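One chain, chain A, links the two complexes that follow: it is found with chain B in the first and with chain C in the second.
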Partner chain A sequence: MPFQRQGLQGMSKFQSVEFFKKKKNEYSLLPFRFERLDNQRRVLTNLAGEYLVINEGELKAFVNHALEEQSDAYINLRAKHFLVDEKSEVAKELLEIKLRTKYSNLSEFTALHMFVVTLRCEHSCPYCQVSRQSDDKLKFDMTEEIADKAIDFALRSPARAIKIEFQGGEPLLNFPIIQYVVEEANRRKNDKNVSYVIATNLALIDESILKYCKEKSIQISTSLDGPEDLHNNNRPRPGKNSYEKAISGIKMVREHLGVDSVSALMTTTRSSLNRVKEIIDEYLAQDMEGIFLRPLSPYGFALKTKSFKAYGVEEWNKFYEQGLEYIIELNKKGVAFKEYYAATILAKMFTSQDPGYVDLMSPAGIGISAIIYNYDGVVYPSDESRMLAEMGDKSFRLGNVLTNSYEEIFLNEALLGPIEESFAYSVPMCNECAFEDYCGADPVFHHGVHKDFVARKPESQFCNRNMSIFKYLINRMESDQFVKELFMKWGQPHA
Partner chain B sequence: MKSRLLFDENVYSIEALKKASYRNIANYSVVIKKEGAQLECLFSFPVKTSDEKVLEYLDDFKREVLDQDLREIIKRETEGVRNLILSHAFSKTGLTGDE
Partner chain C sequence: MLKLHGNALSTNLKLGNHSLLTVTRTNCSDKARGSYAYLMNGQTPDSGYGCYLDFSGRLNNFSSIDGYLNLPVEMDYLEEGDIISVESSGHTNVVFRRNSPHNTILLTERCNHYCLMCSQPPKDVDDSWLMNEAMKLLDLIPKETGNIGFSGGEPTLYGDDFISLIKKAKLSLPNTAIDVLTNGRRFSDPKFAKAYADINHPDCLLGIPIYSDDPVRHNYVVQADGAFDETVKGILNLKKYGQKVEIRIVIHKQTIGRLVETCEFIARNLLFVDHVALMGLEMMGFTRANLDSLWIDPLEYKDILSRAVKVLNAYGIRTSVYNHQLCLVNPDVLPNYVKSISDWKNEFVDECEPCLRKSECGGFFSSSKIHRYSDNITPFTSLSHAK
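Presenting the complex of A and B:
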């Protein structure tokens, strides 16, 4: 007999079926933000940056506490910490841990220290803001005195592991100072882990330099803009052989230092826009594991030089998406190849570890993630802010290693002001944007283009470009299981 | 070119209208006025905007207002737990003021 009376209490031994049905409002919302993916679908992100796509009706039902517990949407929302019920009581604690992990790098600043060892360069790239066609070593080379001070600053960083990157101009034109910095930093580093990389066009690489690099485990980063004609057009030098030098240099570096010791970066000029497949093919031909499709900085010489007119966000997005589609196609054919900008964003989507990419950080990565010591001792919080200074805008000049202390540099209002003002949590539109976790503040870009560390986001090229990429990546994952698995691999390479 | 939309104050907040307007600032400007229980949005579009585009923008604006309305509900309901999570997350990082 299923419903037996229990005497005085007047209660049934078994509760009615209705009792066991979950009441629709017995869940609480956890903090989340959402954006429109299209007219039907919304993408939701929680405090830890995990995302979920649901339709408009499901979102309304969810917010109005009318979502059925058995529905797929409910199960997914609970699994990804968008709601809490009696089956998911640890959700808040998990979010706390993920959030804390994500911001842990803030106390581990500054990881990347760029030393501009000379402004001299034998190339004359029209979009380059900084290099000088000069033999005047005294005027444009970093001295030992400046290098010494910059090493002190670098080793003073709270970060346990730092990377020193040698830049120019063409840094190999002042190789003795590179050797000096490596020797001195190694001698003074104590228990800090210091790694080194030279950003070079490879035109001047030779056996003796490579021997030294091997001995000191120095990595090489170079430039490769695509096929020979495109690369040489972008990067003029005497002999018109920049491509040939780069390719033979890559080969030499690999022979001496190993296949993985050289990486390449590209610059997208207007001439690159309709050649993305050829550019990727060139990277494949050079046995690169991936490519970083990155736009030209839209300020400085890039705007001023007529032959390199800047391009708009729509043209860039078309280029980028065509490139990514081609890379997906290659992977579907069994050719493992990666796009690094997407991989950086995907790492933010799928892990709690921030990749520390300066442009995609909030608080802004300037000074926190990277710092640059110019040849003359002047310190800037990013490479782009150095470029701005070369064009006459010294808003981000933090001081000089010869005359200012570490505290004066890092507590300078020229650094703290933009970081504070541009913090996305308190910026109009960013503070409610579902993609805020994947994006960055980039006050240098916004100052350079809009003369404002924050700018109106609907008018910001940075915002429009990144919003488009975030939506594209999510759309592709939602529509193709292969792409989802591929992108998850890119985002979690160590999983 | 100008257009007008009316919203019932009992249903929509001025805040939602302001946020929806800001999001579209690159395409048009909006002046919001209160007329009795009605909230009036007066849109000004750049001269070159086609009639078709204006209709598209207005439809999009209405959808955005609804989204903003939902965001307000979510924010109200989750504000307490959001602050709790943030304070716990940063309580041992040396980044909060009272340490």
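Presenting the complex of A and C:
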């Protein structure tokens, strides 16, 4: 008997074609990640790093495809590209553009080129990683031959605009090589846009140097750790007058080069911890537009002298949040003042443009955002990695400008390896972290502390510190309209 | 409010339908006269003009002249260089006023939107004569004209003819900036966007509405399914080709709820637009029919307006607040506040009488004055903006 074909309708295992047609009002989830903000609230981030805060119940309904189409949560999730339904499918195209914008800078890599023109310094800061008290110019100064090669490297960068930063030691101790680099780079730069900055403690600044800076449009970056006693304590020099030198130097620079031509960096030591308001007030007194509240980095002498371990993440976070609260208060009173670390993170929260800050980049900013040419021609992919090398960890040594080609340096496994390994999008825990877009890979920090480019994130101070800042910033914005507007302004690349 | 069109009180016209004539009071050569409308001055005029303008029959002793056109007195503002379109019946449209910075040329009344607050309700008729007239008009408008607008209906429904119009505007009026009001949907077709971009007009701005970051709400306001996606894609295509785009948001009860979110959406997704206009409601067309579901007193939403403006300002997007009265916005909006209402529509109400800052204020649409305006108009008794 021939096989009797049974009608499909009779076989209950099979669904009718209607079943496979999409039901009305079904939605699809777009890629997103989430994190607890507190007991009730969850912060969600979409593929382009835009965040949305909803409550736990809404999140559960959302992922179970049970969210009511008329609800505010549904409308917000659709408008911010967490879900698509048949009402609109433009989300994917918009996400694509935002993501492309975010990574568009990568093709223009290495904007910052640091030249360590000497390791010599007349300061003897306990937290300093690299400087030497020496008069031996031959031993610790960059030569013209090395500078020449480094200029070649800098001008070969795909970046259309590059910045050359003169570092030390105290770079003004070797001013002739600064002049040499500026003259040579300007002569050879063709259509590349090259700007210059000298990172100096200003103790040795004088009229003739400033005249030269003015002529060549060179900017100045200096160190200011806070009020006089704190600053001088942190930054000893013969005469115990580092503060006085810095303040009079800032004044002098402004008179010659203009108010905006000088910026300052601070380092937080144990003795800074309970003085954040005074530190900020000092910056205000010096007419600075903002401050970069910066923890000690775990490199160099900082580690050796135990000043790094002198405070932990919690103490740091308390210091940082106190500082930020004070700055918010100032702004509420009408005093415009900004915190630059927050501003960097906020730019990632509010825009698709990556600010290009080395520590907060993934793929890591080493080599991509910055490169450093040491006095002896050795190349490292960031300031921190040369400090690590000074401590004996030479993992990031990329070669020497005297003996290696550009290709050998930039294709060195010592650079590509850590960049690939630490890429946060594929790193355990980072890949599922809601804040991955705001954070960075920082293989140098992790190798310095954990001897591993990735490390276990729950043990990472970098991770703990930043997670806490991300949540704090979002919480602060969500609870105060003024803060949201202020932070939105801080987060703009043109601001 | 200026009367921009009117039926003739009496005529002795010998013209074809929709004749475009330039108003003049100076004598011109025989050959050219046929394309001019002569403003009579009481003297016996030369013969041969396209028509002879009189108002309320003041000079009706000339009514037997061939081409006599007697218009209502409200139109006696017509001046040298203005351009009128005269129908054979004598109905006259003023299509260009030389001294106005707000000349807008209507291209069609057809539209693929049916906006709740449309001031120019669409009609499904073949009015392509308007396009023909606009093409001719481009030859008559003086070369030194700073700006003209094209509006509808939806001008891009003409497709290739719209492209031809902009091409012609570039050739005929190379120094005149153009504003086009369009819903932008047609530009979601990359070929159309490319054809438009290829004209390479030096100064043509497309004003495109996005009423909400919520696609459903936008589609509801414009009464067209799928409109949001097409408009957004249209803007993306236009900006891909480097064209100037302005986003226009009309503020009313149906859009105010997500106004801040909408501005955030623009900042995150369409940051590259050239300008955003936040506009008060005009009491024309469908707005009056839908007044209950649209009207919200600007006083009630002034804080939301401030927040929306702050978002756009923070992102560095050029932003203007149009069609609002000075006493109904917060002081923080003032840097973006623009006196925008076209001169022929702009008026003040009785409450404004004692106000010391009328010269800074955009005033009211004539239509608002008649039909609905805020109950909270508060004249300034000092020159500062007290909160």
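Structural remarks
Keep in mind that, in the parts below, the second predicted complex is superposed on the first by the 461 of 495 C-alpha atoms of A that agree within 3 Å, B and C clash if a C-alpha of one lies under 4 Å from a C-alpha of the other, contacts with A are read in each partner's own complex, and residues count from 1 in each chain.
Just so we're on the same page, contacts are C-beta pairs under 8 Å (C-beta built on N, C-alpha and C of every residue); 3 or more make two chains touch, one makes a residue touch a chain.
Nothing here was measured: the structure is a model prediction, and the numbers come from that model.
In this overlay on chain A, chain B fits alongside chain C without clashing. Once the two complexes are overlaid on the shared chain, A:Glu50 sits against chain C while remaining clear of chain B. When the two complexes are overlaid on their common chain A, residue A:Ser195 makes contact with neither chain B nor chain C.
Applying the stated contact rule after C-alpha superposition, one finds that A:Ser124 touches neither chain B nor chain C.
Of the two partner chains, chain C is the only one touched by A:Ile75; chain B is not. In the superposed model, B is the one of chain B and chain C that contacts more residues of chain A.
In the superposed pair of complexes, A:Gln492 makes contact with chain C only, with no contact to chain B. Contacts of A:Glu89 after superposition on the shared chain: chain C is touched, whereas chain B is not. By the touch criterion defined above, A:Asn186 reaches neither chain B nor chain C. Measuring only between alpha carbons, the smallest separation of chain B from chain C in this overlay is 14 Å.
Comparing the two complexes, residues 97 of chain A contact chain B in one case and chain C in the other. Put simply, chain C touches chain A in their complex at residues 213-217, 219, 228-229, 232-233, 236, 258, 261, 265, 268-269, 271, 307, 310-311, 314-316. Looking at the complex, you find that chain A touches chain C at residues 48, 50, 75-76, 78-79, 87-90, 93-94, 97-98, 351-352, 481, 485, 488-489, 492, 494-495. Of all the residues in chain B, the ones that touch chain A in their complex are 19, 22-27, 63, 67, 70-71, 73-74, 77-79, 81-82, 84-86, 88-90, 92-95.
The touching residues of chain A, when paired with chain B in their complex, are 28-34, 36, 39, 42, 47, 59-60, 63, 92, 95-97, 99-100, 103-104, 106-107, 428-429, 432, 456, 458-459.
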